[in-house]
């Protein structure tokens, strides 16, 4: 093999602490190396041209680039060598930036280390073989998990693009958090009025199949050919017959059911449609509160239902859908703020969350749009908003900024004044983060036109004092302690990853950060992809974000899916395992350990042998490390390839 | 290729591509200074790391071997690190019978976001290996070695 | 051996339906037995079982797939049969298992050590707990317990765990503790001495691979990594590194599969204490996974499975 | 006329120490539980009353030896132009093996006919062979596995040795066999032994009388050829074979080898290492085809080669020296004598009436 | 199943003086509950106020000395009534997790510092090891009608990662005990606020303000008495109550009990052995209201 080695300066990123010329000079002495040089920016257009030219001029049949991490540019350079007529797998990278120049300052040690990394790469390359991918068919249907605004946007865009969409929503209605909001910032227009029509579009779109009150049970397969098992949870109402008339709700005698949609502000009936604009507008029985299901007595809803759709015997149902791509848009949940003992830990009824306040502000909410104290129903005079509850707070394990609380707090301060012109609002804040279009202007308006008193500091304690609550905090600008008598305290509670996010991630085989937010493929360049091909992200499941960003990401995910499906066939990754049929003794250990069921037993001239199903194999290599005689070999990471790296490093 | 005399020991890392290699990248992006001894071999998954690679590396004279994969339940391939955990734990407990300090081999889990953790792991492991010093080396080919010694004596 | 005749009768009855029955017969001198392949009626008479029936005959089973094979097993051998069944390397319906209660087998190395050498043994009589050996005209008396294999002292399975025909009365596991625990003693040695120990021991390895070929669980046989170039794990050099590495490959590939039958060490013409490595591996496997190989044909070896939460693996403090 | 000297038992080690000043000296001593020819060491006990686990084969034919060192070097002007510099690594220095048995020493004569023939000379073998001297000890104890008398030898056979030592009650009578051997017998520790020659001859006769009955193997070459195609015969005799290499590697007359190259970076070496015909790889062809696919084929080759094919082309000399190690060390207790006799006695089933 | 609980008992300096009633009542109720307290032999200061502000190593060494004493008793757990002592013992243990720090301490002690002993407060063993249910079962004279506010002070639960007991902002341990005794517990929002602590000497005004607020709030919440678990808190609220009244113009007459005293009363122990007479603000009216007329001996006094 004739290897070309290109050692990148990356401007001064590498050259600053690595003598790249010395690395290239040392590389010339390595086996197989026929050409070695250092270049300023290997990934740039001229840098890539240099590789192409060198391949042609020196008849190179393998290339090593020593530069940044392969997670950054491996694909780039593979395409480069392909342009020059080489197979893309006859290429190796040595990571001398992230793993060398950026983490050490000793130029001698760095140069030595970089040289060894190049030596390892070249040694491995000597064992590389050209690999060719196979083509396979795609199932051009997409599964979208989560019917919040991001999922709705992704579903509509995909459906408009002509794809069949399966939309799975955990609760009985789509709309997500946005449907619960009264108004949106910074335009203060009605949340439900802008979201409602999109929800109706989902219901009516011929390309969209909606499974509400359903969850993902199991995911198997691979990009282009996923198989998804969906659990349709029992609602005890036959939705094919339910017309959403709501008569059952008016007659249901069990009126103490938890009102999830209204965030527990008020109660609802055991059989219930969460809100008038719900999509689908279907009733569901909350089994925990239904007298019939709990005690076997009642059944009034069944008697009054004009379409006879009540079915107390209904069971969970499973459907299997075949799709080619999956978009996760599972949103967020509010942080459990009751860990803040100093704010009463949930003991004071007049300390509520921002989302509860939204429901209170909403004309369709439980108070009919009137601001009333939960404790006594009185209108509050002094309303205190506390920001960063469960955001930017290491002590509760949430060091990140949720990002949208500053804005909705300003909005709520404004709305408070709209509802109760006599009221005085106070906002305890750490910093104002208003970085969107028209955002800062909006917070200014809250302060200047709506006279919200912004106090920079955290609240250390809330405690009841007579009829009201005493809010004690610091005013860090004044350098004093402040105490405010509050009638109502609204906590701007930060966003947490959605409950169950981790479980779903495991099913989807995607990774998540320590808070449960899904990891994107690359923080800059692959914001909606995941590291699992064919699985994309939209909305807050990837990290807290406001409505426009969620919508944008929904569209972005849809465009990724449409792009993926624009081809008729996909190429399989040839980095799969291959069984050497001569060496295989048919013991089946690989079959037993493969997480993907990608290895099957075959009969070869009367002998049992293992065979890899290329399109199912994901290239993890567990079979290779399991096979005792080394018959199963993961291509591009064979025993000999890894051993050659070991030997390049350690043979004293 | 020799280690930098007096400065470095030979430490080899086997890292899964998805989490730990990314974590090492993240450490690089964060400019988290680390000792320079470690040489990283990238593999797709910790499940790909046959414990025999580690034995081979140690027998070839490495002073330390560090393996890192995704945190349990976070494996890109769902189960790879679960297999790895069992196999590597067995190896870790087996090494002392060979007269190899178990501390010359450690395995851990570092995610792609844990740059700082990676820095700590590398620093701590490198310190641990330096504390242990160079690994005992196996003498060369047996018979010929004996002969060579005898020739030298003659 | 008490039940020898009963066993012969049992085999005689079954032989017509079998291609071959593997047992033992007398070996080249009074101190040795040898595997005995019974194909014809007249072969049965030469069958002998007793303290020299050391060979684990299960080793031959995978090579005889497709044939109807009878096999006589000691308790320990039966664990290898179970392990092979578990790994689908033999078919249960092709194998007829003859079990008998085993009271222990001798360790030739121990006899040799006790007598200096055993080149010219004229006769050997074993009566209850005494072994009388005639050597070059002289008579030597040895306590049986001094020459029994180590594995027999701690044997928990003296009766075949699986059998189609069992002759004689089942006996209970021995509770003797006379065998010395070499592993425990070894683990008290300082690290550098252990390292030096293996260098010295492995130095005399001649790479004959008797250890591997005698091992019933070394099922790769002709495709072993030891002689392969792709993958190329070992060179053919006579170096401790390569020879030792092979033993590590062997030990690791047996992790959770080894039944400690000791054939590796017995087969080694250079008397390298190879079983020590396997004992250590088994000890750790047992501690980690409460697993013992060759007991349950339905079990999965621990390294081919996992639990999301491992009870005994503390997440590394790293 | 051969030189005859006598050495007292107590003087053996000092004498070897003297020899060790000029030669590498190997003598049998224990390594673990194995009795091996190990570099002589005054501290180490030398064991002479029993046969060694392994013959001194490695001294002339190492388990693996480096044939060639090679280095690649590149033309700095054109890196794809690579030069290979290869260097033969011939062994140097002389060796004395003390305490080998007549069968051990005689084993090398089987090598000689192959590696030092008129047609071919193996320079590596030659270099060691001519510089390795054997002080061979006649056997006083005949073991159960011994059968040197079957293969035209005896416990006092000096063939292949340089000095023959006859064990006496108080020491050893040392008789030079070769000229080189004679030179070893000049130490002051030795006394003239001619007076004890008669006594020694008597001992030799006694030994010869105590040996097991001999068998006539003259029919073996032809009889083994006769059963060549009888696979059932070979399958039955090889049934218990485990296909390991213990028999061949411990055999003083097995001389097969394999050659492999090992490269690391720009340097490499060519190795010659023992190979054995019991292994499936032995005749494995690059295509994957194996002309000796089963252990029956392979054992047939081992027995056939020693007792039929080799004698056929080497004037009837059986390529087995009767040391019996293959019997003693076989993990499955295969007895090569039994197989040869079985072949000789084999009567093909009558085909016609 | 009943397992007898045995602890090394570390009284702390104040137990021999200002808070002797806390010590007495703690011993009394533990005896009543079959909890064995064995005094740490030859115990010394925990390294509190004087030492821990000037020298961490010295302060820790003082604590470590006592912990070594505990270890030498062959016991694995030590208990102290005083949260300040506990805080010092635990802080020392926390610091000694650092090897080099521990070496320094060991050097001062001339022997290796113990790191195995577990340290807990009396309150903690009662709720965690003994159990509320079992306490409830021991009540013979329920405190029905008594309305109390439970005041924990600022260091009983904090810093949470060192003290590792109950909720750092809203502890309930004493509340639960009081409820179990039959008393009514009012929500007391300032239960972990500072009483002013050692400022009683250099900055009395601070104590007047902070402790005054505690008394004000307790009264406002409807409490008849405050119950505490800390000698210093108790002292500020009880001994200085008149000073607070005169400084703030308030007219509090609020008994400040140790929770152990109330437990003792509910278990039917004598006021004498609980040191009720050692309290500054006379609790007589409150106790009388419970229908407990007090010890006959005391009556005659």
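We call the chains A, B, C, D and E, going by the order they appear; numbering starts again at 1 in every chain.
Assume a residue touches a chain if its C-beta (ideal position, glycine included) is under 8 Å from a C-beta of that chain, and two chains touch if they have at least 3 such contacts.
Everything quoted here is computed from the prediction, not taken from an experiment.
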Relative to chain A, which chain has the most distant C-alpha mean position? D
From the centre of chain B, which other chain's Cα mean sits the farthest off? E
Using the stated contact rule, I'd like to know whether B-C or A-E comes out ahead in C-beta pair count. B-C
Between chain B and chain C, what's the gap in Å when you average each chain's C-alpha atoms? 34
Centroid of chain C to centroid of chain E, CA atoms only: how many Å? 67
How many angstrom lie between the CA centroids of chain A and chain E, rounded to a whole number? 49
Distance between chain centroids, defined by C-alpha means - chain C, chain D (Å): 30
Note the residues in chain C that touch 2 or more other chains, in rising order. 203, 221, 233, 237-238
Residues of chain E that touch two or more other chains sit at none
Would you give the residues of chain B that are in contact with at least 2 other chains, written as numbers and ranges? 1, 51, 56, 60, 73, 79, 83, 87, 141-144
Of all residues in chain A, which touch chain C in the complex? 582-583, 585, 587-589, 592-593, 608, 626, 628-631, 633, 638-640, 643
Can you check the complex and tell me which residues of chain A touch chain E? 340-342, 344-345, 347, 461-466, 470
Going by the contact rule at the top, pick out the chain C residues touching chain B in the complex. 183, 186-187, 191-199, 203, 233, 237-241, 243-245, 248-249, 251-252, 255, 276-277, 280-281, 284-285, 287-289, 302-303, 306-308, 310, 313, 315-316, 318
Spell out the part of chain C that touches chain A in their complex, as residue ranges. 87-89, 219-221, 223-225, 228, 230-233, 253, 300, 304-305
Which stretch or stretches of chain C touch chain D in the complex? 20, 27-29, 32-37, 39, 55, 59-60, 109, 112-113, 116-117, 119-121, 136, 200-201, 203-204, 206-210, 212-214, 221-222, 227, 229, 235-238, 263, 266-267, 269-273
